[in-house]
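Note that subunit A is present in both complexes that follow, paired respectively with subunit B and with subunit C.
Let's turn to the complex of A and B:
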């Protein structure tokens, strides 16, 4: 009887100790995560319903910020959204196919040359976007840039543009470095998938008389589909979050034509002191990221069935 | 290598593939080469006849200018400090959380893990307004910790994801043996688990390093005084100051980029592996 009680007591003591340990071990992570991510998001959601300058308590205005975001043309949110979606479109339909092609080609044989190519193609991923922006600014420079000089040299002078400031080419001048930088990233992910395909499976298909292209099309691509899905999600959410290249290359210009949601968000804080509206844009970004992630996942599932 | 009979691939297609890969390699390498060469040229060479050739006269003074008057030494040290601290903090917090989630049995461990994984999809922009307002009210802008704390928080989810992958590989028998030897939960973590997590440290470290080293938005918004600028913000400031003088800007770009690229040349497989670990599981 006494023994039983002691055991129970000990067990309880052990449970408390265990609970305490769990708490202590989780504490630093939870503090960081809740303090910097979760709580601010909750605050953002709340503040997105206020007309707020960041210092006063603000006035509650319901969903007016959301309505204004879509209806007030001077905020340029629709333009920014359109630009982000154009970036997403080209990422998915130009960057990813290119990455997939490279991954498939390099995945066919593990030669030294292919290893070297893989390492080279991944290099741009390691460079800071700010550096890449600066570099491309130099390439685009209307007077001294490599691009216009090249066009002169091959007698295509009529194609010369003031790339970054011309309304026709400004968004493109952001698009090209974006695609250039991350092809290598997606290629690497897909390459890892391609390498994971069972060698026997490939050989069996080849013995049946399939060409390399057919093996890629009917054996490899279906197997790496989950990775392609991850890449599509990254490409789309990444495009929605674009900030660095726009800030460096065009500053949103000319005439705010190349603004993206993140630069508008910054403008709300520092140019207009509209912190409530800034929060609204934050919330919209989160919603869009999650919505697209779900949509893409659903689209891939549909295809499988 | 192919001993059995397979359809020979068309030699013309092979040549086209070879050319395509070669051209793509050039497209990838050219901007890096261009950056390196113009960092060593005078304006006369960059704007004149020698745009893409090697520098005729190697102008190392561009580098002394970028490092000295351009303050690149300071920005480099700042970036190094902020990055190192962020990695250390997020890694330690991640390993501790991982230990509680994967090696101690309790009801809500799965849910806690899923909660942390939310961070993988949440964009940095999501918290910028409240964090900025709170930090400015607490007079907490323009310090190292202004960046270190958010960077650690944003690196945390990925760190937990990668660490979990490594930690579940460690056999539970080790914990049980340690327990029998009288090691408590704390002791087991520090004496048994941590030493076995070395491969996770490098994988997470590499991933977080690139994230923090290159981060621009928070750094640009939160840091306005030049003493605490990190490299990306420093480069932006520098390019504003030297609009007509390309050489020192080139030098600054090289200073920010080449250390990473040089390390990459030696550790390319390891670095690639950590990117794969970060994405494939996610």
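Let's turn to the complex of A and C:
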């Protein structure tokens, strides 16, 4: 009886010691995590409740910033959200299928050209976004841009546009380079997954009479679904946070019609000195990114079940 | 096993402590740094005292380093004036190691505000007067120039310091002053049958129609930089409701809810909807639009008179261009001689500068030279009393000088006169008016609601 008690006591001690060891080992990482991620979010939430210009002490105003975000006619937050969601939609339903198609095609067989194709498709990811933005600006230029000249050359002059200045085409002029730039990134993620699929599974399916397309559809894609889920999360949250290409190509214009949350955030922080409102937009962005990540994870889980 | 575990725990503990120690080392290190660095890190309220203490330790001949930020980029009209002035200063003050950086106008506004927030300002910085500088002054980030000004008050009239004076104290060194000018390509106007810039609004509209009929775009305006749109809109509003009404609105003495302003905005919008503006301008920067104007794409270009320098430097274009005043729209309330502009380009000294007192003297001398060379180049009219031979000033700038000499009222550029938040709210509404998303009534109602 005493032995049992002693053993239990020792086991409990050992468990506590193990728990303590784990805790101590995790402590540096935990501190970094809290310091780098949790603390700034907490500070942002706190600051979003203040009217603060960044220089002087702020004034506590409760949720007024949140209300103003949706009611002030000069802060185009709803327009920016709509634009970010359009970008997310096209990223998920155009960019990712394209990336998946490329990954599946390149993953079918190991040829000499595979590496070359991989490098070519991945190259836009390596180029600075500023360079890409400037490159596309030149392409879109109404006077000397390649796009309008091409349309002229193929007798489609009536389709010529002032691409980045026309409210009807401005958002599209951001969408195209965004999709073009990150197709390679998602393709590489998916390609790694495709190459990880056991060759035996492919051969077994082929022996059973499956075509290449059926192998991809019923064997490869289900196996790489976790990677596709990650890609979808990256594409959606990346679209919500998008900034650089918008800043370079349209600067939120024409007439603020291509604003995205990050350009409004920049405007609030650095042009209007409204750090409280900037924090409010940051909090909204964080909430949206979390919400979409959870939604996407739930959607994939539901499909699996 | 126990020893291993113990060792692991000790190692992990050491790692954690080292992280904490890294954090702690920063504070003592700050106190150990020289007084100059300590002054930079000091809270805003303590800065003047800290910088004064530093200055007291350095004599005026002791070598120091000063740095400056400005917007005189390679493509800026003022570039030559800055280069020439800095060369003169470096020759006259070899004991000062002077470095400077120039940034593009729009991005500079972001950069300087971020630097002010982070307390990482250069010793001397370019700024716009009124509310733009006022925000920094209110936050105690700018060095007061009252003492330094005593040495220069004979050359710099106090009237030129009005836009940089807060609570009776001077915080800025003005360089040049500028107004919005109506630049016209006379070759294009001649094609439409005009030999002079039309003097009345009705003639002006007839001229625009005649230009349009000839396939010439009347106006070029950079929609990518909303301040360029305000150069047109503010002129239309001023010549409709008068300078006093617009000034009162900009300075917060009157509400935006003014039917005259709404009507003026509708008048401006009719210029847009009548197709007088280049539609591609909405996606262009000011530099691109200016180049298009010089290339003969537009008949008129409303912008700051600092452009005279660039126009004068272009031998092919210069003989074609004339500058005038925007015509009066409502003679009951406005008149010729009411202009948009005033002294705005300013140099200021950071309160956090370890050499603030000497930086103040340096800023005054540099400002005087920039003004001198800028005036000779045609970048604007002098805020300082001109000296030396000024006979080489180009004809355009001389015309501007004549316009200004006849002027009786000035309204400072709206985005400079208002605080940062109000100015950007205003710019947002201007953008929406230019895009015909709002009419005059919605414009005034929105601004009356959103500008507190």
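What we mean here is this: the second predicted complex is superposed on the first by the 265 of 305 C-alpha atoms of A that agree within 3 Å, B and C clash if a C-alpha of one lies under 4 Å from a C-alpha of the other, contacts with A are read in each partner's own complex, and residues count from 1 in each chain.
Note that a residue touches a chain if its C-beta (ideal position, glycine included) is under 8 Å from a C-beta of that chain, and two chains touch if they have at least 3 such contacts.
The structure displayed is predicted, hence computed values, not measured ones.
Within the superposed three-chain model, A:247 lies in touch with subunit B and out of touch with subunit C [touch as defined at top]. Once the two complexes are overlaid on the shared chain, A:209 sits against subunit B while remaining clear of subunit C. In the overlay built on the shared chain, the residue A:172 is in contact with neither subunit B nor subunit C.
Counting the residues of subunit A touched by each of subunit B and subunit C gives the higher count for B. Looking at the shared chain after the overlay, A:21 reaches both subunit B and subunit C. Of the two partner chains placed around the shared chain by superposition, subunit B is the only one that A:36 touches, whereas subunit C remains out of contact. Legend: residue contacts after superposition of the two complexes on their common chain; A:58 is shown touching neither subunit B nor subunit C. On subunit A, the patch touched by subunit B and the patch touched by subunit C overlap at residues 17, 21, 25, 28, 32, 54, 143, 266, 270, 275. The residues of subunit A lying in touch with subunit B in their complex are 17-19, 21-22, 25-26, 28-30, 32-33, 35-41, 43-44, 47, 54, 102, 105-106, 117-132, 134-139, 143-144, 146, 149, 180, 184-185, 188-189, 192-193, 203, 206-207, 209-212, 227, 230, 234, 237, 240-241, 243-244, 247-248, 261-262, 265-266, 269-270, 275, 278-279, 281-283, 285-286, 289-290, 293. The residues of subunit B lying in touch with subunit A in their complex are 2, 4, 6-7, 9, 17, 20-21, 24-25, 27-29, 31-32, 34-35, 38, 46-47, 51-52, 89-90, 92-94, 96-97, 99-101, 104, 106, 112, 115-116, 118-119, 121-133, 136, 149-150, 152-154, 156-157, 160, 184-186, 189, 210, 213-214, 216-217, 220-221, 231-233, 235-236, 239, 246, 249-250, 253, 256-257, 260-261, 264-265, 268, 271-272, 275-276, 279-280, 282. Residues 17, 20-21, 24-25, 27-28, 31-32, 53-56, 72-76, 142-143, 162-167, 170, 250-251, 253-257, 266-267, 270-275 of subunit A are the ones that touch subunit C when the two sit in their complex. Of all residues in subunit C, only 5, 8-9, 12-13, 15-16, 19, 44, 109-110, 113-114, 116-117, 135-136, 138-139, 141, 223-224, 279-284, 420-421, 424-426, 428-429, 431-432, 434-435, 437, 446, 449-450 touch subunit A in the complex they form.
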